[in-house]
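Common to both upcoming complexes is chain A, partnered first by chain B, then by chain C.
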Partner chain A sequence: MPLASALYAQSGSVLHAYSSADIKKLDPAFYQNSVDIDVMNCLYSKLASYKPGREWDIELEAAEELEQIDDTHIRFKLKPGIMFSGGYGEMTAEDVKFSFERVLEHDSPVKSDWGPLQSVELDPEDKYAGTIVLEKAFQPLWSISIPYGVGFILSKKAVMEATGDGGDFGITPSAVSGPYMLEEWKPNQYTKLVRNPEYTGDLKPGYDEIRIMPMDDEKVAERAYEAGDLDYTQLTLSSLANYKANPPANTTIEEYPSLYYVWVGMNLENDTLKNENLRKAIQYAINVPQILDAAYFGEAAPSTGLIAPGLIGHRAQSIVPPEGNLDTARAYLEKAGGAPSQPITIDTLNATTWKTIAEVIQAQLGQIGIQVQVNVQDTGSFYTLGMESEGDRWKDMQLVINRFSMLPDPFYATSWFTTEQVGVWNWERFSNPEFDRLHQAALSEADAEKRAAMYHEMQDMMEESGAYRFLTHEGSPVMFRDDVETALRPDARPLYLGFKPA
Partner chain B sequence: MVLGPRATPELIEQTRAAMGLDRPFALQMITFFGNLLRGDMGVDVFTGRSVTTTVMEALPYTLALITASILWAAAIGIPLGAYSSIRRNTWIDRVTGILSVGTISIPSFVMALYSVLIFAVWLRWLPAIGAGEGFGGQIVHLILPAFAVGVPWVGYIARIVRASMLEIMGESHVRMARAFGLTERRITRAYVLRIAVLPAVTLIGAGVAHLFSAAVFVEVIFARPGIGALIVSAVNERNYTIVLGAVLVTTAIIVLATLISDIIIAWLDPRQREGM
Partner chain C sequence: MGDVATTYKQPSALCIYARQLAQNPMGLMGAILVLIIVGIAVFGPWLAPYDPNQIMIGPRMGPPSAAHWLGTDHLGRDLLSRVIAGGRIAMLVAFVTLGAAMTVGLALGLIAGYGPKWLDNILLLVFDAIRSFPVIVFGLAVVTLIGPSLYTVILVVAITSIPIYARIVRTQTQTLRNAEFILAEKAMGAGTLRILAVHVLPNVLGPLLILASMDVPMVIATEAGLSFLGMGVRPPAPSWGTILNDGYNFIRNSPWPVIAGSAPIILVTIGFTFLGEALRDIFDPKLRRAQ
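Let's turn to the complex of A and B:
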């Protein structure tokens, strides 16, 4: 801790942690970002939650029993004695029903996380028990719905008192059931969580206070860590090699895979790129390891598709080898009738990593005679580039470098590339009825091997279309003090409930 | 964007209607300015909080930063410029000249980065991020950001005070004062410096816009709340109502600062008062 800050430091154990964004909502039915979830994990209980570690798994939290009876029925039984703060009483199955069904009733923007949820039926014999009823089988229920954002259980009485109709209560929780409670939120400064004195559960909060500090720039967080202002932070891949070589004192650095996926997309409806042979020439001319060396300092591995290692549906290898093949690229270009007479454009976000990727691709395509013009755009302009609702710019878009976030189920990735998403988030305008059918079928396929095969096939279809060149899933290195015992998801998202002094 | 990528078309339409975006542009503008007259700048589309509240929560941090920066810069720059003019063409004048031009040419964000590295990371004397709590904590957290924003202004103020003093020292009322046998110290303080700081006051008034720009970088580098940090994160998130509100308030403050600098000049210089 800096000398001057030590004079004003509070007593008790305090964890200072970095977050990439500020919280926006603490209402699970209307969550906006993953930082909201990080905080809500400390405030509310779920039937089951992600297990910290390197493998994706869940463990029971508020539920004593949680069992899939058949494809569309999941029975749960709550642990007795879980109390809501503020005198709102004990958690019952009625609260579970209210919390899950309000996501549908209030037309939440994240209601798709619940997929085909129909209702929650209460057990008339047992106030702690009930059954989640689905309209059809939905495998992401176990990887997203229950352990992530929409799975939090709220006090029906507290929410109804606060809102009147059970709708969005924004950023102020009226009752919590978790080991921590929100003491203070200072926008763009910090979110302060303290021990919930009314908590009656089994989990032991590791700290008297957790202070989560949002910063727009990860590099700022790295310097703040070195200055002693943070105990835990993510690292940028560009800093990783330096920190591994010269770690700050009393520091542990750990590397985790990330779920993000980065790719080069090609607009299938653009006049120039309608030529499949040209697209394939571009696919084979792009050398992914070269790009990763330049843009990620060699700290990221090539990806084989949308779905990251460790998740169902991850492909062992891509169809086009990561290094590409210039001879094959030239052969496809010859079949395409030669390089376009005008430079093709590549659109990218105005950030160092993306600009570097674009410039390397520009050089690589130059090797086979394709001239490329790099268009750098700010976020507001970039994120509406392929959207039909925002005008006709999508028609002129040719190549685009994109990066999407991901939740730990493959459906979350493939859902952006269906025909329904053309002109919304599917900027390549890839449309394949078989892909759409498999996407729907995989949602309810209970056999993990068959489900994985479906996602393999879907990623093959994407790559065979020539509209995609998958680049990387990046990585999620983190750095923390030796006296902090962390609890992280396999993609390094912090599960602050499990953080404790080492 | 506001509703996230998975919002249904129906929900998007509902939200557009709730935000008034389905109405003609002219009507949206009239509504906005009508609400503005009542101090209502709309609602943060992500958190649902009032934009006025969000902006007004951030504003004191930026005002404190700007005020602290300019105060310490003036406290150093004015005596430096005055001393330099009194010792014109000596080695002291030349050294202060080099230092002044040097500080002017260092951008605030460079100064911010190096001050973090030296005083926070290497020496660990001062905190690298945040705004602190309590009076003492807030002062401690203000030192480095105010230093970074203020450094270029030391040079600006010193150079303008020096030039202005040299000009005034050649004027007839100063020669008259010397002829009456007043000491140089009294002449400098009572007859020269009071007039010589007027251009510096004008410069500071007009420079508030630059101070806000510097605050944007410095607030991001020090992860300090404020209008600059608010605008940066709102732009990144495409939170347009916040951007609109923050820019509007910033513009109003810049206009107000220019007005205040004119009032100060009128107070310091009777000739200006008569002309008003």
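Let's turn to the complex of A and C:
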């Protein structure tokens, strides 16, 4: 690495980190992507947070005590002396109640993260204590609700002052309680976090400043890392073997399993794709191992559904075999009345891996006579493609290559495909009352086997609809400088608060 | 004596220009390069050894070999075939774009230069407004609105090129409108259309063609730039920019796609620039006199 680049990358105690997307919201009740959460982890406190390491676990953060009394009651007690910035005073249970309940009151698009939350009851004798009350048991409480997006605690006073009604305050936090504060956000360039001078907690962040740089294409991040612009980045699987054989100087490469799920979706309400036989023909014409060989250089395994191996609800196999079957595809196509007269479109992000997947699918569907046009989109355009709130583009969307992040509970995967999510994140517009019923029932099912069976059935329903062709869970290799000590979740998502100079 | 005078044949203008071009080594090199590139673009389908979009997982990222003269890309596609097909796209974009820009620019330039002052002012304002947008940024905005395709690239480059040609024609027309031969034509009752078509147009076409020749690399680079950014031709169409982008992303695996994508852009730029400069030298009377 050139000396100037080395100096830039390591100067002072600044961490330069890659992110796959730009931040969209810094309001926990309205978060839009996992990068929002990565940044909010640095700004706000939660009762408990994910513990860095190879195993999924949580540790207390703002809570001094956190105890499940029964299936529907969780008692907490905050650490005293946690202060909000900007003179908004000390964090109390009243702030916890406000932060959790506003997710429901303001009809947040991520309110499902709180499942059957009923209310938060305050302890009249202790301003730091309270009880989270659920309508019924909620299995993902400890793996999603508390340690992830909707579990952040905001200053009631600050939010009310900023919004008037406690609703969405967007991207500008008015008060933070975490070790960092947002100093600058340049859309699509960087998010700059600096130490919060009013922070009073126990955490000892390792860097004075964290710069998170969004890059649509991980390949670009690899180049940026080599140029010395980044200290930490994810790697593409297609580059992994090459980097392992010939790593950049002073670099550590680590491999983690991934919970992401990648699939090809089909819009059930599109005039052309309303034809179920056509959808099934597409499902069977797609040869997943070929795609993975081309896009991931064989470093990723085919997936069987939404839920990755090791999680409750992972299916042993999919209904459509990974290799597909061209004869079956042709038979379905014949039943469908032949290939569409116009090319069908496949939308994809403007990134190497996705474009490669799209081009291979284009060639595979060409084998049965279906012409495909690849539409490459940048992030801003792509992530609003199927959203009804963003106009009528969803009506023309046909095939789409998508990838969602995941948490260690199957509920988080199926929650995006319910009827309620149609036109929000459910771009296939898949709607099945039985699926919705099972999704609700599985939330409270304590028996792991029964719960797993429910998720198997839900994934079967998705696949049988013809709207989904599951591809892979990928993998999460990361690369960082030897003088950076990382703190990662078991799926390699960064927990920046734990990053330190080595 | 009389016999000698009648047997002497005046060489044609084309012969004179060809001879002048042959005497200019850079110009000759440019002309040869341009001929080769245009020839490859025209006869591409017969020259390409493979279907440029044929995916062959086996030999991907391969170095040059007897089977694949320029190697293969990350999907095992033959790079030589893709470069040849990319040449057709580049030439199509260049000639259609410059043809459209020249035609519209010529018409608007003549109107601005020969028409009333108020119309000239309005057109100038429009030209300047269009020119104030950086081409790539303007291109990205248009692509976001109407989607990426070859036609979008042509539209973007044509629109942004029109003011260049229109301004040149306007200036030339304004210089000519008060020339004595034009005033004489007017005095003899010639109409505006006749003056523009018969007297002004031939005088402005020369500089316009030279400019167009020198603009070809710019147009091709713009198309390649938009395709490099994923905003040009749709996959799997093999624009040189797309080949370059694919190669850039896999440069640690193999340098050949980057070389295959960038070499034709460099050669086209050299070829058309040398040829354009030689043509300018040949057609510009002032330069000719100086030489």
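Couple of notes before you dig in:
The rule we apply is simple: the second predicted complex is superposed on the first by the 299 of 502 C-alpha atoms of A that agree within 3 Å, B and C clash if a C-alpha of one lies under 4 Å from a C-alpha of the other, contacts with A are read in each partner's own complex, and residues count from 1 in each chain.
Rule of thumb we're sticking to: contacts are C-beta pairs under 8 Å (C-beta built on N, C-alpha and C of every residue); 3 or more make two chains touch, one makes a residue touch a chain.
These numbers were taken from a predicted model, which means no experiment stands behind them.
When the shared chain is aligned, no partner comes close enough to touch A:Asp231: not chain B, not chain C. Residue contacts after overlaying the shared chain place A:Asn242 against chain C, while chain B stays out of touching range. Between chain B and chain C, it is B that contacts the larger number of residues in chain A.
By the touch criterion defined above, A:Glu61 reaches neither chain B nor chain C. Once chain A of one complex is fitted onto chain A of the other, the partner contacts of A:Ala358 are limited to chain C, with no touch recorded for chain B.
Contacts of A:Asp95 after superposition on the shared chain: neither chain B nor chain C is touched. Residue contacts after overlaying the shared chain place A:Asn350 against chain C, while chain B stays out of touching range. Judged by the touch definition given at the top, the superposed model places A:Gln290 against chain C, while chain B stays out of reach.
When the two complexes are overlaid on their common chain A, residue A:Val376 makes contact with chain C while staying clear of chain B. Overlap of the chain B and chain C contact sets on chain A: residues 217, 223, 378.
Residues 217, 219, 222-223, 238-239, 242-243, 246, 290, 293-294, 350, 352, 355-356, 358-360, 362-363, 373-376, 378, 381 of chain A touch chain C in their complex. Considering their complex, residues 2-5, 7-8, 21-22, 24-25, 32, 107, 109-113, 168, 170-171, 186-190, 213-217, 220-221, 223-224, 226-230, 378-380, 383, 416, 425 of chain A touch chain B. For chain C in complex with chain A, the touching residues are 53, 55, 57, 60, 74-75, 144, 147-148, 229-231, 234-236, 246, 248-250, 252-253. Chain B meets chain A in the complex at residues 1, 3-8, 10-11, 14, 46-49, 54, 57-58, 116-117, 120-121, 124-134, 136-137, 140, 143, 220-223, 225, 229-230, 232-233, 235-238.
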